[in-house]
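Below you'll find the structures, each written out as structure tokens.
Next, two complexes with subunit A in common: one pairs it with subunit B, the other with subunit C.
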Partner chain A sequence: MFSKDPNEEGTLLQEPTTEDMVQFERAQCSYENLSERFMLKQRNFGRQYAHIYAVRLWVMKARLVKAAKRKWGDDVCIRKLSEMETGETCVVIGTLFKHMELKPSILKDISEEEGAMPQPPRAKYTEDADNLILEDEVQRVSLEGKLDVQTSVTGTIVAVYGAEDESGRFQVKDFCYADLPAQNSVQTPEEDRFVVLVSGLGIGSNQDNLLELQLLVDLVTGQLGDVGDQKSAANIVRVIVAGNSLSESTQDKDSLTKAKYLSRKTAAGSVEAMKVLDDFLVQLSSCVDVDVMPGDFDPANHVLPQQPLHRCMFPRAMKYPTMHTVPNPYEASVGDVRFLGTSGQNVDDIYKYSSLENSLEILEKTLTVGHVAPTAPDTLGSYPFHDSDPFILESCPHVYFVGNQAKFQSKTLEGDSGQRALLVTVPKFSQTQSCVLVNLRTLQCEVLQVQAAWEEGEQPMQE
Partner chain B sequence: MAASELDGMYLENLDEFVHDEGKVVTYKSLSHTLNVHVNQAKQMLFSFVEKSRKEKKPVHVTYLVNGRQKTEDGTVCKVCVAKDDNLEAVKSSLETVSSVHVYSVQKADLKDSNPLYMSDYDINKNIQLSASLSAVKCPQAQPRDSDEINQLEEEKRLQVLSSTPGSSSKQPVKGKVQPKKESEQLKAASSSSTASAPQPKAGKAKGQTTMAQMLTKKATKEQETSETAKTDNGGKENKDSKNVPTGGKPKPKMGGMMAFINKNPAVKSTDASKESSKPFDQKNGKQDKVIKQEEVTKKETSKKTSKVSATAKGKEDARKSGAKSKKIKDMSSSDEDEDLAPKKKKRRRIQQPESSSSSEEEMSEDEMVIPPTPPPEPRALSPSPPPSPEPSPPPSPQPDTKSSKKTTKSVNGAGGKRRKHKRVLKSKQFVNEDGFMVTEKVYESESTDASDVEEEKVKPTGPSKPGTQTKQPSPEKKKPSPVGKSTKQAGIMSFFKKKAA
Partner chain C sequence: MSQMRITDTFQQVKRPGRTQKQGKSAQIQAAPAQSTSDAADLQRQTEIQLLKHFDLNSDFGPCIGIMRLERWERAEKFGLTPPMDVRDLIVQHPGDEEYIHCLWNDYKQML
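The block that comes next holds the complex of A and B.
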């Protein structure tokens, strides 16, 4: 079906025969888990977050110097802010800080000003009066000019070309980000090999789409469909569940404030939902390799990088060696094709703090600036790293995905050195009943939607 | 072969299921029941539908339609379950149809798709059968047997143990079984670990009374502390008991104070104390017993000593960062810390009073020296941030230690009721109602009795104190405690009684 082979007439609407009792073997692909840098070895939260920024600047400075020289010539002078003179046109490399009045600040919340109410959460915290500040190792300077305030976010490392004027503001004539890192060449497989990307299963809510999920599982395990479909299904080598397998309603916020003795006998909402999830995952893992990433609503730690879900939550599924729990963000090499993706928190955070509306645009921006989650640790919770920043893109992925988005979008981004990256936004299964199939041979992707059309005359929904 | 044999039979079976029992028969349930390949089951359903039509016994059918549909964004692969009435409409909405087959047969007209899911719910539990009857087989997906699983778990545990020494302290979080196993692996204090395991449970039940004691006995506390302050044991007990109620104020903090005063640069144990939680520090204290840890710690310390000697600044930073970490440890209470802390305290006090003080000093020094110094360049780049926070932590731990010392002393006196300490501690959360009460009171006393606080601060720096002196305050404290129990804590005690029941 998804292999676009011209199918002969379906053979299942006929008397039983033995010819169709076929069994295809699951296609195999080499696999390597490259998420080691996202695994936390120690949990020391005693450090300051300044170290992350220091490391980020230090690591990316080298790349930015190269990019700046490439863009503006080898002889362009790169200055530190402390050495800069007024009126001198030069290049400065530093971290962007976006000053936003509406950004929730704990200091404002707990301040004792009269009538100071805590700010209600908003969809976007942007404002016209936001301004950009560039910080290098020791100083900061206000930026004005070509660099657009509304589409920039705090934490990106940028090289700006311009001059400081008398008022002390740096007038930006041009700017650039680090170049896309090098990409490994990929040996595409000869036949179609598919990876299923699904996210936002949302188990545990009132509106469960369990039949649709079951249909998807049946399709991947080769029970559903005609012989041709089953043959295509055998070409699925991996299923990556990109977060939010449990629904938001399983999160019991009251548990923090409610007295323990009142809630002693009540089980958490996530317990039942986890059992259901385990049932689905055991069906899948009996037949295909599965990687489960944690998401915002899953029982994992809150700050990035989220650690893999514990194996004790999947007692049945973990018996299979094909079941893997992986961190968020997740990087892996499937059949030489490098996948890198998150469960959506990084994109959602940038959405809140910039004027960018389109998830795919935001995804592209993170790839362009060379950092998976630039707003960490400012507005996006992050572990206080001190000697490395694992979110910096080391090598360009072939498939860069983000889960739990509103709809499916995809784009192929081309880099200056011939890199090609497929950007994919994976929609929430609980809302769209669709998942994404990535073809490793062609590096294209398409949507697979499952539906139960029930009312008479009801047409399957077109999305 | 089998198909022809089953020919007549399956039709009868289906007849029975659908008409007599009124069940919803999906292709999957049929394939499981008759142990046939799914494709065959689909065909069987089809022939049954045909037969029923001929016999004028209408049955409702749902079909599964796969195909591609055109949307504004491109083509979408669609998998649809459609009712028989809707089948043609669904097929026509798809640009290409790759397969159609019968999904289910039922007598009644279904209002929604739920029964389709529910009827297969039990079928889906039988994974092995599904895998064998499905059209796709995965040779890698063989369930592991229990031996393999145990082996993998062992490996994982060893991996975690060897990766960082601090991680060993995290192990208790995973479960009570693990701390036991871990200690066995360490080949030391196996008895102590097993002893410690039941202790926290018992400790939980009695934690409240120690709180009560603490709350009601501030005055006596202070007197006793003045008596006991000058001995090493007092210092230890301070550290020990301190850990208990506040649950986040580790020995290293005390040790930190002592290090400030002693200024002994010798480093013996590992760096990890900064990052590790209390249990690890306390384990450090038992270095005599814990052989493997000693090895690990020695290796680490040797590494660290070289680092430390290299950078004098590093040491200073370490001290300050150690102080910082301690301060933060104060604020964060964790299960495992509380769990292991009281056990180890007890053990230390009873069995090795002297070594504990020395070990605590060691630990404190380790902490001081710890530096996981950030790489030189980033530090150079951000010189301003580190100096500024550094001065602030040193002053702040001191008031904390004062308060903690106070609480520990009072609680500590109740030697036999240490378990109650654990209970309180074990309730884990900083925001725990019981813990909250305690800390609140502690702070109250601190504000009014500033002089006492300072006295106490001086006391713990004294040498180790014999265990006998602790017994003196303990009976005194015990006396008022029942009173306290009856008046204030009755409600809480009943809470615990319920739990015990």
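The block that comes next holds the complex of A and C.
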């Protein structure tokens, strides 16, 4: 647990001693960046998205054949839609497409005959009349039956078991997703080692919570608390900032529509905010490894995978070799423990297009279907890959996190071949003033909240 | 009736292009040279046909927007066994637009 060492007596509020100060050396951990597949080498946006869907189906098909055989027997017949006959019970593997009337469509927006204004953004675009369609390489068929429409999203690759009826609809008796991929065995460290996951710092908004952020930075760098706290803080080996370090209000949409002569002298809201962020990061990176991921409101490209923030934006922090800017999604191996996570766009998008409410449930769903962002490129912006789909889960992570969620939740998911994955939703720091500490030894996590003010009559928080 | 020819009523007018073409391909040169360029043309046509069939083969995925070689290599990567002679053809004509791009390349602006 990240808490005061009970053996150390409290040493705050004592007179200064003349003896030597205790020194703590920060723990070190091996590190490997595994996000190479998220880095874009070419920037050719002229391609269509059909390629990424074709690649996704090819890659997942092999795994689904294995899963289908395991679930329904080795002799189950797996058919292509073109070979399928009416009434024949078989397995079909393909991509799901969810037809949603309320899904924003650019064609409806600019259509003259609709007349009305474009649809205002809604929290959820689901409706009872939504229906599922399965597409394989060349054909598609309507699905009905056991596969729940409301909890499914477009882009997942699924194997359905059932038969086509006379009306041409495929009646699903059972379905399955690809098995959880294999997980590397991990050699856990002997002592407690912590990784801090924080997201949604939200710098640059009118509500200042810089004091809480400074408290957190001081705690991690060991300048807060007494000897016991410092001893615990020395066990923090890495800090991962999972997106939205800048607040949404730094993205000034008005400047796009305002005339150039009015906005020429005004600097963008994000410039000042980046300077403040650099101030915090230089303090952190002077003594601990920091990985900064871009988020929805950060100055990085909009489509996934977001490329790392440019080093010139952190002139002071980048001087330290411990400062790293990394892409979103991000995968790395810290002390043999594999971390994989995003800044929240994938989970938020699935929230909009399905009836799932709980972020942890959505996170679990992405792990179950074997794809980090199944709704990309349909409703979530994605780079038009043509020969690979980097969002497919290649190996099961030990810690699977998502940033910028409403609250902290965690769960350990167990796979069929002994895989254990810790799922973590990291809350927004700007709203909850809390971050998550993952213990690499036990693969458990806990939340750490910093408070800068007590309300009248409130008890001090127990850690 | 006196000897009348059809060409008396309908004059045969020599069009300017015709003589030029014939001059080029070889009135001066021997006849076999003309047939080899025809043969080369024919071979080119058959090769292009082969490549077009490769493009339209749905087993290898969508063809629009990527080079034929890229599509071939992608098919190879995912174990779809694309035919080797297609690759040989593409590699032997590196600069030729018709060989390296997909058959929809002329309609790129529309995509």
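Rule of thumb we're sticking to: the second predicted complex is superposed on the first by the 444 of 463 C-alpha atoms of A that agree within 3 Å, B and C clash if a C-alpha of one lies under 4 Å from a C-alpha of the other, contacts with A are read in each partner's own complex, and residues count from 1 in each chain.
Operating definition for what follows: a residue touches a chain if its C-beta (ideal position, glycine included) is under 8 Å from a C-beta of that chain, and two chains touch if they have at least 3 such contacts.
Treat the numbers as computed from the prediction; the structure is a model and nothing was measured.
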item: First (subunit B), second (subunit C), both or neither touched by A:D387; value: both
item: Which of subunit B and subunit C A:A259 touches, first, second, both or neither; value: first
item: Touching partner for A:Q48 - first (subunit B), second (subunit C), both, neither; value: both
item: Of subunit C and subunit B, partner touching more subunit A residues; value: B
item: Which superposed partner A:Q223 touches (first subunit B, second subunit C, both, neither); value: first
item: Overlap of the subunit B and subunit C footprints on subunit A, listed as residue numbers; value: 46, 48, 50-51, 54-55, 58, 137-138, 386-387
item: Touching residues (chain side subunit A, partner subunit B) in the complex; value: 1-2, 7, 10, 12-18, 20-26, 28, 41-46, 48, 50-51, 53-55, 57-58, 137-138, 210-211, 214-216, 218-219, 221-230, 233-234, 256, 259-261, 279, 282-283, 285-289, 316, 319-322, 386-387, 408, 434, 437, 446-460, 462-463
item: Residue ranges of subunit A in contact with subunit C within the complex; value: 46-48, 50-51, 54-55, 58-59, 137-138, 386-387
item: Subunit B residues within the subunit A interface of the complex; value: 1-3, 6-7, 10, 27-28, 36-40, 42-44, 46-47, 64, 66-69, 71, 73-83, 85-86, 89-90, 93-94, 98-102, 112-114, 116-117, 120, 124-125, 127-128, 130-131, 133-144, 149, 163-164, 166-167, 170, 274-275, 321, 324-325, 328-329, 332, 372, 374-375, 377-379, 381-385, 389, 427, 431-433, 495
item: Sites on subunit C touched by subunit A in the complex; value: 58-59, 61-62, 64-66, 70, 73-74, 77-78, 80, 111
